[in-house]
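There are two complexes below, and they share chain A, which is joined by chain B in the first and by chain C in the second.
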Partner chain A sequence: MTMTLSSFFARVDKPVLAAFGCIIVLLLVGSLYSSSFLSPEYLLQQLQVASFLGLIATGMMLVVLLGQIDLSVPWVVTVGGMMSTAAAGWGPLGEALAIPFGITCGMFMGLISGFGVAYLRVPSMIFTLGMNAVAQGLMVLRTGGFAPQDHSTDTMHFLATGRSILNIPNALFVWIAVGAATIFLLGRTTFGRTVYAIGNKERAAYLSGLPTQRVIMLAFMASGGLSAFAGVLLAGYSTKAYQSMGDPYLLPAVAAVVLGGTNILGGRGSYIGTIAGVILITLLQSILSVMQIDEAGRQLIYGAVIIGMLLIYGRQKKVS
Partner chain B sequence: MDANIPLFQMNGVAKSYGGVRALEEAHLRVEAGRIHAVLGENGAGKSTLIKIMSGVVQADAGDMALDGAKILFPSPKAANAAGIACIFQELSLIPDLSVADNIAIANPPRRFGLIDRRAQRRFAEEALARAGAEDIHPLAPVKDLPLSRRQMVEIAKALARMPRILILDEATSALTAGDVAKVFAVLKRLRDEGLALLYISHRMQEIDELADDCSVFRNGRHVASYLAGSKSRNDVVELMIGREYSHVFPPKPNAAKQGAPALEVAGLCWSHQLNDISFAARPGEIVGLGGLDGQGQRELLLALFGVLRGVSGDIAVNGVVRRARGPRAAKASSSAMALIPEDRKTEGLMLPMSVRDNLTLPALDSLARFGIIDRSREQDAVDTMVKLLAIKAANLDIPVGALSGGNQQKVVIAKWLMIAPRIILLNDPTRGIDVGTKQEIYQLLRKLADDGATILFYSTDYDELIGCCDRVLVMYDGAITRELVGAEITEHALVSSAFRIQEPGEIQLG
Partner chain C sequence: MGDFRYWLAENKGTLLAVAVFVIMFGIYTGNHTAGFSGMVVTTAANKGVLLALVAMAQTLVVLTAGIDLSVGMVFVLANCLASQLVVGSALETTFGVVVVLLAGVICGALNGIIVIYGRLQPIVTTLATGAMFYGIALWLRPIPGGDVNSDLADALTEQLPGGIPTSLVVLLGIVLVVWIPLRRSEVGRAIYAIGSSEPAAYMSGVNIDRARLTAYIVSGLLSACGGLMLTFITYSGEASATIGGSYTLNSIAAVVIGGVSLFGGAGSAIGAIFGAFVLRTIGDLLFVFDFDPLWQPLFQGVILLGAVTLGSLRLLRIKNRLDLFG
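Right, the complex of A and B next:
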């Protein structure tokens, strides 16, 4: 596709440009601290870590575009990790099916959330929070009192940590594949168009004869599946699945989506922005930890920076 | 008061939005104790004018004077304090609060810092009485009131601020004929009390009846001001649209339509709001739905479209009885039904989405293969519709919310024409849009009917029903009380049957 640079900038929203600008600023600030921040090795490593968040943020973005939210991320990530490692313990067949099994479990959780939001009309904030608790209960029940198989398979480990082509992390390829599919889904399919329509005005979308309920349910299912996929990769990354492995991912996922310019009330946002948001959040976390600020200080700065950036975006929208 | 100094004056006011000139060189002279009508098509700058007057937006150039002294309104609050109250086209009431809460919302009476409910209720009662709407209970939640009653509350809310200048922007567009008469009596009384009123309406007969002075705007410019009654209606319309204005309504076919009905309804009931409705409509017919607002016309259209749950009775399309299971089933090719909803901003369009994306929403399935949108087919379909309806947009990728009201309504109609509907349900499609666009819509409807579509057309404007429809079904209290055919459709017949005047003892106003 041919696209001139100016038309490219015209198409990209201001928040997306701002997010990319912030990434550059962060890198420059980091490089003042240590020159290794601009080295390809460091950047690739950050992209590898960002890939896990990228998968979760992709699902979150679909749901946020609908004007909903998925708060079941933490324990659906854990479900993905734990169920895939569990399958790995069932012999060779289980080992082969470990990844799809983990993802399917997450999709199932998402399907239930989606059914509750789309058909039972329960607000997603409540329903997914409940699903999070249910997932937690199920996982605790499974691991409580005895030690099940919790080691990841070689394939999981390979996908999460391996570098097969040009020293580029495999996890990044996974994210690129999922991202490309999402860009296509949002831009070129009836599903994507319907997602935007629902996010803008669900009533008008329904009256236009769009399958609003089905699309909402499918979006939640995708979100659950992607969270679980991230869980699978995380289990591969640390070679085992453990309780509350998904806890650190909820706020960053929502923040990445919103920092990338997706309207938290739905209907507006581009996937490019989500990519920028994910990278931005990952770099921020990395720089804070490299600077060896203690945990409490890190959390403080991290939270303050996110709120500050959102305030800036909010102002921009009002002015334009 | 010195006769040479008007209560309010505006000179050379200009305003542009991002390069688009909404208003230039606007002049206006408002006198106390007179009703001043502002006329013009949508996009003529009327809304911008009153937004500047009421402090919602600030002018780029020019000045305003109140009692001869120059003033600036940096905010709506400042304009309010100066005695300018405005009733906008869009309602500003909060549905979940009571009538009294809404009326007193800007400055509720307080005791010890808490809202004094009793004082607030008295305050609201007085304001409602001043607006001629004593029958509205001040403690009723606004969401339980029909649209026309809400409009009365809106007027009461504006009057509660004791304005010297009251601006009404399309304030009667949601009102029933009975309410309009009441509002007019109130407005005339307010005028006699010395208030200046600025009145904006698309309904010419209202302006004829009400206005003392008129100012016409076109394309953001002030075109003419004149004393009411000094120009013929035709002259005024020409001033507004700047071209010869003839044949508002396309001619109707002479012969009644024959053939099998495309839509047959038998014994349709829904809770208490639709009672045993039966009728049939044939291809090529435009069937009007008349009556006072809120007599079940909306519900009937929604029931036909399959939106309401628990509807009993039979709906047959082309002789086949079907139970519509929502808009998706209704628009399917077997019934090919389209509903042009009442409120284009919340039900018809996704305002932030592009014109293109809005246009293709109902027809997405037919423009896609395996869920992937065929871009060239989409482009062709969009181009056809933009041309057919002469939609004026800078380009098709701008948000549909940036278009003028008339063009937005065209997009709503166009998006449904994409599925080539055989049955078209219209819910007051011309509300708040300009004369030129209305005329285009009437012609389009007749053309669609001539091409074999069956059209069910609800309108609150009696002129439209008279000018457009082959038959009119007058509804009252959820039932069809009278059918008017051909020459029987007159304003007198519509009004009398809407109020059920032929049956004494059952007369009920509002």
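Right, the complex of A and C next:
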């Protein structure tokens, strides 16, 4: 069974191809500015930064595939960072359990969001916004309005910034592991197929005997856990957790998922696309900072480019 | 009698929001050391009117079954623009006000055009345009500051001789000039029709594009009015992502508390206004009862979750389990 090039292109979505095309264009544009843009060192560094967004986008994608959205990303990321560093302050046992503790807190937040969306039938947009506010409230209470000197553990620092094998960042390995698990989950398990089925039509999925409400709740829990995991790594990356450390991740996560060809209304999308979207967004951010554009211009260009790319290939079918 | 029943069913959410507000505000003024005085009411009104305007803006888009995550950023952009332009002589000030409102209209139109003709989802579109608007605001005002015509500002944010806060009169004026005529117009009915069922509206020959574009444009205009009022209250402009984000969040919360359906087609801007007042009064109540201010963000989040969870009481009345999955 040899796969010809044309059948390969037929299998891969057009948006995914477009996203990879945009990545190449961005790399070329970047290399015009600086020759180091195509060096392996720079690319590996970008992939390391992309890994944090990659984890968040993975959770976001699960939720978007259901036809929902998770707007609680900013503060759940912060919860992950702050709770893991808090655990690190509780002696040797806390230090050992810092990472799982941070992730568990995020999963708990996601579980509540999932319960609200799946069983209380509150639109995810509003319920996760509420959870975001609650997470913020809890963190503000914890820090007492100040930034406590919460330092990450050595393990967190190692996971986020270390390079153990072949000079490849550990964070990238984390993303690869999570990504591989997600590809398996979405393609080869009942859970994954149920996620797609719910995204297409929850009624039909329910009538087919699928546990739709449980799957929705679990997907939100996974999203919360992954956001918190990214927060844990971010805390390791900057050696401490701080308020609003998750703020810059909501728009990029949604943008990465949508630019990767996942339908925002749910039911369609591939993980390869999300990978492409994450790399695309990371490169875009990197190029804007290399070009030394100030924050105002960066925000403007960033928003415009996302709209522009979506207009090129993310449009919906005309018939409603 | 039949008419009244329909009217009641349609305005249940709005009436509930009004009732909750009246009770909460009563408790607030009853426990405030200064009592029901002009200053207390004026301060409360000024804060409430800002959110009310943004909530009205959100309402229009939500009625079309969309969502506008850029309202807070249009608000901030208008604030920054106003702190540059609404100064000087009467003529300059008037020109500034017109430009600020026009900027709001342009922002709204941009959202609408991308959503309608670009056929992108409102949530993604407005998330991205919100970043753009914030970029422009930051470009206009890299550091907080600026000035505003203080005569006009004082005239619009203090109180009339009778002790009535002027900002409330401004809000009432905007409702009378913008919301009521729109609600009664053909376009207004089309906005509700799209939210209820877009295919049905299309088949009935409703001009969908025109109605939706109007909703986004008026939404931008109202957010800009809010930004303008903010400038009159603070005398300065600040490009703050935090302010923008919190107003976007609170506008959605206000809309929900005000009985506007997030699925579109039901509710009114009047409800959203009272939803905004309720939200603001919660903050004031915490203050009056000497809560630690640190508790306030948590409390607001819990109230929001509680309010939307109350809405799921309707699930108890569902007879066919399939109706759960809309």
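One rule holds in what follows: the second predicted complex is superposed on the first by the 301 of 320 C-alpha atoms of A that agree within 3 Å, B and C clash if a C-alpha of one lies under 4 Å from a C-alpha of the other, contacts with A are read in each partner's own complex, and residues count from 1 in each chain.
The working rule: a contact is a pair of C-beta atoms (placed from the backbone, for glycine too) under 8 Å apart; a residue touches a chain by one contact, two chains touch by 3 or more.
Source: prediction; values computed, not measured.
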Touching partner for A:190 - first (chain B), second (chain C), both, neither | first
Could you tell me if A:14 is touching chain B, chain C, both of them or neither one (first, second, both, neither)?
-> neither
Identify the partner contact of A:255: answer first if only chain B is touched, second if only chain C is, both if each is, neither if none is.
-> second
Considering only touches as defined above, state whether A:163 meets chain B (first), chain C (second), both or neither.
-> neither
Looking at the overlay, what does A:303 touch: chain B (first), chain C (second), both, or neither?
-> second
Return first, second, both or neither, reflecting whether A:206 touches chain B, chain C, both chains, or no partner chain.
-> both
Which superposed partner A:240 touches (first chain B, second chain C, both, neither) = neither
Quick one: name whichever of chain B and chain C touches more residues of chain A.
-> C
Where chain A meets both chain C and chain B, residue numbers | 203, 206-207
Over in the complex, which chain A residues touch chain C? Could you list them?
-> 69, 116, 120-123, 125-127, 129-138, 140-141, 144-145, 202-203, 206-207, 212, 244, 247, 250-251, 254-255, 258, 264-265, 294-304, 306-307, 310-311, 314-316, 318, 320
Chain C - residues contacting chain A, complex = 67, 114, 118-121, 123-125, 127-132, 134-139, 142, 198-199, 202, 239, 241-242, 245, 249, 252-253, 256, 262-263, 294-302, 304-305, 308-309, 311-312, 315, 321-322, 324-325
Once bound in the complex, which stretches of chain A touch chain B?
-> 188-191, 193-194, 196-197, 200-201, 203-211, 267-268
Can you list the chain B residues touching chain A in their complex?
-> 305, 307, 326-328, 330-331, 339, 341, 346-353, 357, 360-362, 364-365, 368, 371-373, 375, 415
